[in-house]
């Protein structure tokens, strides 16, 4: 089965922006997950809930909120536009939509992994003179990395499958912001069923692969 | 060292105030009495409501003066109950984990890695993954790791608790060796009397978060008060003896107590060291008001009753037979033999009742 | 526990049955699938209609291409009111229309709009090539009538290839209107009748009727309709003088 150039372009675009969004949220997700797992601080439960929201709200709701935040009429939108940065109807909008929607999955997964790291080990490392930074990189991360990778894979899959927020914020512009999910929608609207099914096959295949790997890693971590 | 702290816990408040200056200080008490919390507080891993912790003149914590050194700066080696070896690092990297800080400490002297490996006999384990160590090996590695970070104080939280009897008896000597070789003060938490009597110079008895008594191990633990804390089988006598000779045919070896009296212990093929420790349970000693004839016991020691402590159905009888022996009898036996302070008696102890450490 | 499950299931079942009977209770309710640009005018017309008639009219507004697809897939529309001939022809070829009911009813005019507060100056289609026109909203140019009309017009003007990278395809003409209103695009193509509906946009260019594409709004009864009498009733009303006045009021051109 030879895929058309257009299909390749859409697939590559989706994968690269998905990858970029996952890499973008990785440091923030890890930091926040650690703060959730190890520290208590004021307003913690409020932030925990806020981070969880994109997971449970309809994606279009999140998309609408993002549109309000980044649209040209908002203060932030204006400020960015004056500096030549466009978010709405732009690949950057795709990046933001994907990042926001997949962030909660990453944080949840990494938080659980951090919580499963025996606190005693971190404490002993402290008595042995390791600074908090050293403890984090030499003890915590190596013991939690499988969960972190699993979380990243999950986030990436979610990013690839993102639709509602993306179509509102970035629009469905072929060649510029059209991802696999948006393309499927388009083809269905236009009655191009066979193209739609090809895209469907690709998305299901990719999703299956990444989620399976994610679960495999989590199982491996639990065994330890 | 000065240890004073108040820490509210789930069901009680830990409230301890003690000052001491000893090589090995034992913290003795039943499980759940707050012993681990105390160690965590000393190590800086736990918040203290009010208190002062001072070691060698250096204040680690003072609620009054708002001093609270981080665990990193307290220079304390901690061997927790579960060992807590880093599972993703090899034995060697575990052991050397805290050693880096010494590299930077000017004028650091003393404890070399080879020395520690030799004393604890773990040199052959260096390349092994931590997950493939036996319980006893893991404990020794954890000990080595703590020692090699050149601490000013070692904290050990029931290091032998997770081991079975045979293993306990094997590891105890290593702890004694550490005490003797490395001159690092130790705080040793346990609910086992033998360990206290074998290793400690000073003991703090804790129950329900309160300090019940403190003092030299033997006196403190064989007092009536302490006996209430001790589970049935645990009341022991520990003696340091000098090896004399062995008799394989007779199945025994002769050793000499510090008082000069000689006793027979189970056959020892050879003694690693000229002096070592032996123990005998207070429940394994018979008391007779006449010298018995025709019995199997190899040790019959004349002595005088020094004190009798009646506690419900038990009687703790302290007998001076050159060394102080603590004997546990039924209260009925005391009455039947009409034992009283000053009575001349004979202590009858089977050769095989003595355990080597 | 089982008792609770059974109880909630029966409550749910009752709701489903009620909803179902409601749907089928209105035997005289007709469903009209109509192009998005007809939203306001048809609502007004049907208000007048329902005041007199014995049955109600429900609308399904959207892009004519999408609506045609729905009917192909069996959606229970009684009447289809399209914004162009090709979408109606698609259904005609598939014999989904009631013979003899097709009528070319209206025409419209294409306009270029910008946000009401826009500072960008556009006086002709060529101005769409300017650098400060970054994004242009257009209903899907390959299928939705207004998009098809606009792209054909721009192709005829020799501008399509240069304008194409700026195009943001949206769902239908009302979505185009909304994007221009939001200010997230600099310009958009809608019908004159749509621009009239919104105060947040202004018309900067009206495509001359003789130069622009020939816009035709056909209407027909769907063959599978189960309420053909009611449908015919409404169709007749839509061609009545009262209705024609309403169309003219909104700016539609009424074909005779």
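Note that the chains are named A, B and C in the order they appear, and that numbering of residues resets to 1 at the start of each chain.
Quick note on the criterion: contacts are C-beta pairs under 8 Å (C-beta built on N, C-alpha and C of every residue); 3 or more make two chains touch, one makes a residue touch a chain.
Just so you know, these numbers come straight off a predicted model, no measurement behind them.
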For this session: Compute per-chain Cα centres, compare each with the mean of all protein Cα atoms, and return the closest chain.
Result: A
Exercise. Which pair, A-B or A-C, has more C-beta contacts?
Worked result: A-B
For this session: Between chain B and chain C, tell me the centre distance in angstrom, where each centre is the average of that chain's C-alpha atoms.
Result: 89
For this session: Could you tell me the distance, in whole angstrom, between the mean C-alpha positions of chain A and chain B?
Result: 55
Problem set entry | Separation of mean Cα positions, chain C and chain A [Å, integer] | 36
Exercise. In chain C, what residues contact two or more other chains?
Worked result: none
Problem set entry | Overlap residues in chain B, where contacts from two or more other chains coincide | none
Exercise. For the complex, which residues does chain B have touching chain A?
Worked result: 40, 43-45, 70-72, 74-78, 80, 82, 84, 86-88, 97-98, 100-101, 145-146, 149
Problem set entry | Parts of chain A lying in touch with chain B, wherever the complex brings them together | 118, 120-121, 123-131, 139, 142-143, 224
Exercise. Given the complex with chain A, which residues does chain C contribute to the contact?
Worked result: 65-66, 69, 72, 134-135, 140, 142-143, 165, 167-170, 182-185
Seminar exercise, completed: The answer for chain A against chain C in the complex is residues 67, 71-73, 86, 88-89, 171-174, 176, 186, 189-191
